[in-house]
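The two complexes that follow have subunit A in common; it is paired with subunit B in the first and with subunit C in the second.
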Partner chain A sequence: MTAAMVSVERCSKWYGHVLGVSDISWQLTGGVIGLLGPNGAGKSTLMKLMAGLLRPSRGTVRVMGGDPAEDASVRRRIGYAPEHESTYDELTGLELVTTLAHLAGVPRAQAGAAALSALATMGMQATMNRAVKGYSKGMRQRTKLAATLAHDPELLILDEPLTGVDPIARNEIIAKIRALAAAGKTIVVSSHVLYEIEALTQDIVVIHRGQVLAEGNIFEIRRLIDHHPHRIRVECDRPRELAAAIAGSDHVLRVSMERKAILVDTRDPDRCYDELAAAVIERKLDLRAMSSPDNNLGAVFEYLTSGQGRARASE
Partner chain B sequence: MTAIARGLSGWEATTALARLSLRRMLRGKTLWVTLAIGLLPCLIAVFAQRNQSALEAWASTLKLALPLIAIIPPILVATSLSDEIDEKTSAYLWSRALPRWSVVTGKLLALAPVAATLSALGLLLSWAIFGGPAAVPAAVVGRTLLGVFAGGIAASVVSAMFATVAPRFAVPLAIGWLLLDSMVGALSMNLHVIAVSFGPRALASGTQVVTGVISLAVLTAIALTIAVRRIDRIE
Partner chain C sequence: MIEATSETPAATPVRIGKGVIHDLGYARYAGERRSPSTLWRVIMRHQLSQTWKTWWRWKLWAVGAAMVTVTVGLVIYLSQNEMFEPLRRNGAAVKLIDGLLPYSFTFFRWMAFGLTMTVGSTNIARDRETGAFGFYFCRPVRARDYVFGKLAGMTLAMASLLVVGPFLLTAFRIGLAHDTDEMLRLLPWLGRVLVVGVLASLVYAALPMAMSAVLGRRWLALGLWAGYWVVATGIFAAIGFFTWTPLIALDPGAALGSLAYGLWGLEVSEKAAQVSVTVALVSIGVHVALAIGILYWRVSREAVGAVGASA
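After this line comes the complex of A and B, so read on.
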């Protein structure tokens, strides 16, 4: 029997009267696992418990056999990338990753080389000497991932690493995470967008209202979500031009306009993201933001929380 | 990636965090704001020396300079620590292989000496404006500067304590507390020993020096203990 990399036993976490996670039991032996759930489901709380940022109110969390909240030797084997964007904006990317590598336990003399290597892995060499405050969302995410990798941890915990990044950066980050998994890292990655998780792994844990709702292969969930079109919101300088470029595709069900953005409903998110990226590059559009509201996933969660959905998801 | 993480000792973590805090401070605006505040006594000195003797002007300037201990350390130290907690950059620190107390000691190692120096800087320059040793004896000035510096260190630790107790309101709470403290420290009854501002006054006046030093040391130790215990519980 393989020893569990992460073992969560009857774990609950409250923030005062607010419930973060409720009586979760779950084990992870290795590979890439996706934590999927709508915003506020408890994914970040579970990840913080695994990374040692929080102590459980009840139950236990063991990572590589130790308590991550109490044992620093466990934490040095974990790389955690938080969901939020806040970072030390006054520093350059290289300074930030070097400092965080040293704080993660890399000797000071080696921290610079470790940071350079991690930034190179994430494709950030060209901009690593610029201040982080000038970085785009994609660059911030990649720098955060470099900081997560620099001390060569065995377990990576990545909280919504694809949130807010443009399609090109998104594809690059997915490729990097896949490469890390191929190199033998155990990776826990969260998202509220099924499509993002699907690009990374087939093994998922669905979390809803602080509880594990379903666990296993992504295909059943995927089949459910196919009934609910994936929605993408794109903000750019010439939204009408982008809408015209994408509207003719057979997978696009609907394109609606906002003042500076378009909303695309699609049956095939993979193709849609690729075509959006191609249209942006071809027409030299100024892409400002891209996001995927979780309305569609919400419908699936409602289905899963019903008795019928629970039965099918656990099959 | 070939780096092998081995974990940091408390001292290594403290010095690493001190370097980080110093670098951030030097690139931020807070240092310049506090420097401007720290130089205010020089303005008073320029006006005071026109109407008063050097010794009287020195005493007037000291009256203004002492409350700066209640303003500069909270702005520098409480802001730095509470921002770390409030803006969630602490997630990077809590998830790393370092003891949490080193975040408090690292900030203090870097910022407390700067806060204390800025609190005393205006007085030192005012002395030069008055004419140096010829106007006010160097021994008096030395004692006073030492007192203000020690008071600045203690006020920095108190500010760190407020940052861990109530991160969102740390700066106004610390300033309010230390201003109240400066009134208590000026009382002529024995109660004044519980005030951080009593130590600098005792050193400046040359009376009750030992009591002043012990008072500062005890208050600093209490505040540091609370800060270190609180930071371990922050989520």
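After this line comes the complex of A and C, so read on.
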């Protein structure tokens, strides 16, 4: 079995009477992991625990075998980008990233080159000599990511890296993060925006009220919630005929019509797909498209964080 | 896998995500790494360069200290035979050329107070408020590296105001000696000016930073420091003046003044406004030690205790 990059064992964190995370156990071996949850769910707390910025009130957090809060050599192998970005705005992007690389242990003579390389990776060459206070939100996020990368950490912890970024910059940052994962980095990304995570990874951890609600591949999670009605949209030339063919099945909850399509709500997506395919072949229908509009993070997240979903998940 | 809820003690490994992605040529840093024990120097340099960035933080007071140096130097040069009534030696007034040098610390300290208002008193609070603590402590920086680096940086910045000018004036004064004997007699002044300047730099660096660390909010820290230095120390001095003179040493500014006059063998005309060199040194030592202790305590707590997402 691959050694865990991050191992969280029965970890809880309280801030006085406020619960940050509660009795979380979790292991991460690699790849891009999306940490998903609404604001205040405990995502940032969990990330800070992994980055060594917080000590757990109970339980243990191990990163690459060491305690990140105690062991400075472990923190050297971590790149953490916090959610906020207003620190030393009077410095230029290059100065800031150089200083932070230097603080991460890169010697003075090489810190500039390491910062330059990281900023170039994030597409910041043209503006890196301008003061950070003049940067747009997207440029700040890129600079922050460059600072996270400059000392070549093995584990990147990115807290809401896409917040406030315009769509073009968002796509670019997503591409960079995925490229870094392909280059061998382990990356934990948090967001409360579902489609951002969906664009980055299929491996998610859903956190709600300080607890891990679900973890794993989004499609596996979706499949495991087999009692949750699953919606399938089928576009074909004779939708009424197809609706009549499928409506009698016991797993079908509802069939609704659109102009050139039907929407089927089912409790058993696998059977439904099989029966739809059989009906199309048998009746020689002209099938134009078949999709699952709720097979995305939004649907999963909404279901999991509802009372019904939580009850199912804990069964 | 959905089974891993918070009630499940056994952790479930998360699988590595698959995708068709290409390495865009990220150039990894593969060189040597500094020992964490040297990171305080990085923080010190960063403190100095960041403080130097704007004209009003440090440069303004550096220019002020330079003007004080030039003005006092001119007065020393032009009024070599004038007497200086506020200070006495063995009951008799001393020459301006001998008394003005320790007295001039008062003016340099105004500049240092200015620097505490623009940088020192908000220094740690700013890092806490903006979240820079996270940038430091998610890297291999320890609380002691941070405290030592910040303290060293601020002490150096303060020394540029409290050591450089007085040292140059002392050298100038020695240069005005009439003969070699007088010059040799005055040479120890260089050591004295360094002692007073360095201790004053430590006081003006450590005290406001400790208050800054305690409050953690820039404007509150600024207000507390200004109130302490302008009002509270004045109250301490008044209590000492009217009751028991050593209590004046509760005011670190008065302790520094007393130290300067004491090292030059001078006494203030109004004796009740001065404490002995020993009491002054104890006061300065206690103030600095307390300030560094508080600073370290707060920083080490904050280093692994930031609250919430944007703390």
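Everything that follows uses one rule, which is that the second predicted complex is superposed on the first by the 221 of 315 C-alpha atoms of A that agree within 3 Å, B and C clash if a C-alpha of one lies under 4 Å from a C-alpha of the other, contacts with A are read in each partner's own complex, and residues count from 1 in each chain.
The criterion applied here is as follows: a residue touches a chain if its C-beta (ideal position, glycine included) is under 8 Å from a C-beta of that chain, and two chains touch if they have at least 3 such contacts.
Remember, it's a predicted structure, so these values are computed and weren't measured experimentally.
After superposition on subunit A, the partners subunit B and subunit C collide with one another.
The partner of subunit A that touches more of its residues, comparing subunit B with subunit C, is C.
By the touch criterion defined above, A:Ala214 lies against subunit C but remains apart from subunit B after alignment on the C-alpha atoms of chain A. In the overlay built on the shared chain, the residue A:Ser191 is in contact with neither subunit B nor subunit C. In the overlay built on the shared chain, the residue A:Val205 is in contact with subunit C alone; subunit B does not reach it. When both complexes are overlaid on chain A, the residue A:Thr266 reaches neither subunit B nor subunit C.
Of the two partner chains placed around the shared chain by superposition, subunit B and subunit C are both touched by A:His102. Of the two partner chains, subunit B and subunit C are each touched by A:His151. In the superposed model, A:Thr163 makes contact with neither subunit B nor subunit C. Common to the subunit B and subunit C contact sets on subunit A are residues 15, 48, 51-55, 72-73, 75-76, 78, 80, 82, 84, 86-88, 90-91, 95, 99-108, 110, 114, 117, 121, 147, 149-152. Subunit B contributes residues 1-8, 12-13, 16-17, 19-20, 23-24, 27-28, 87-89, 91-99, 235 to its touches with subunit A in the complex.
Within the complex formed with subunit C, the subunit A residues making contact are 1-2, 4, 7-10, 15, 22-33, 43-45, 48, 51-55, 69, 72-73, 75-76, 78, 80, 82-84, 86-88, 90-91, 95, 99-108, 110, 114, 117, 121, 147, 149-152, 157, 159-160, 175-176, 178-183, 201-203, 205, 210-217, 220-221, 224-225, 313-314. Of all residues in subunit A, only 15, 48, 51-55, 72-73, 75-78, 80, 82, 84, 86-88, 90-91, 95, 99-108, 110-111, 113-114, 117-118, 121, 147, 149-153 touch subunit B in the complex they form. Across the complex, subunit C meets subunit A through its residues 1-2, 4-17, 19, 21-36, 39, 42-43, 46, 49-50, 53-54, 130-142, 303-310.
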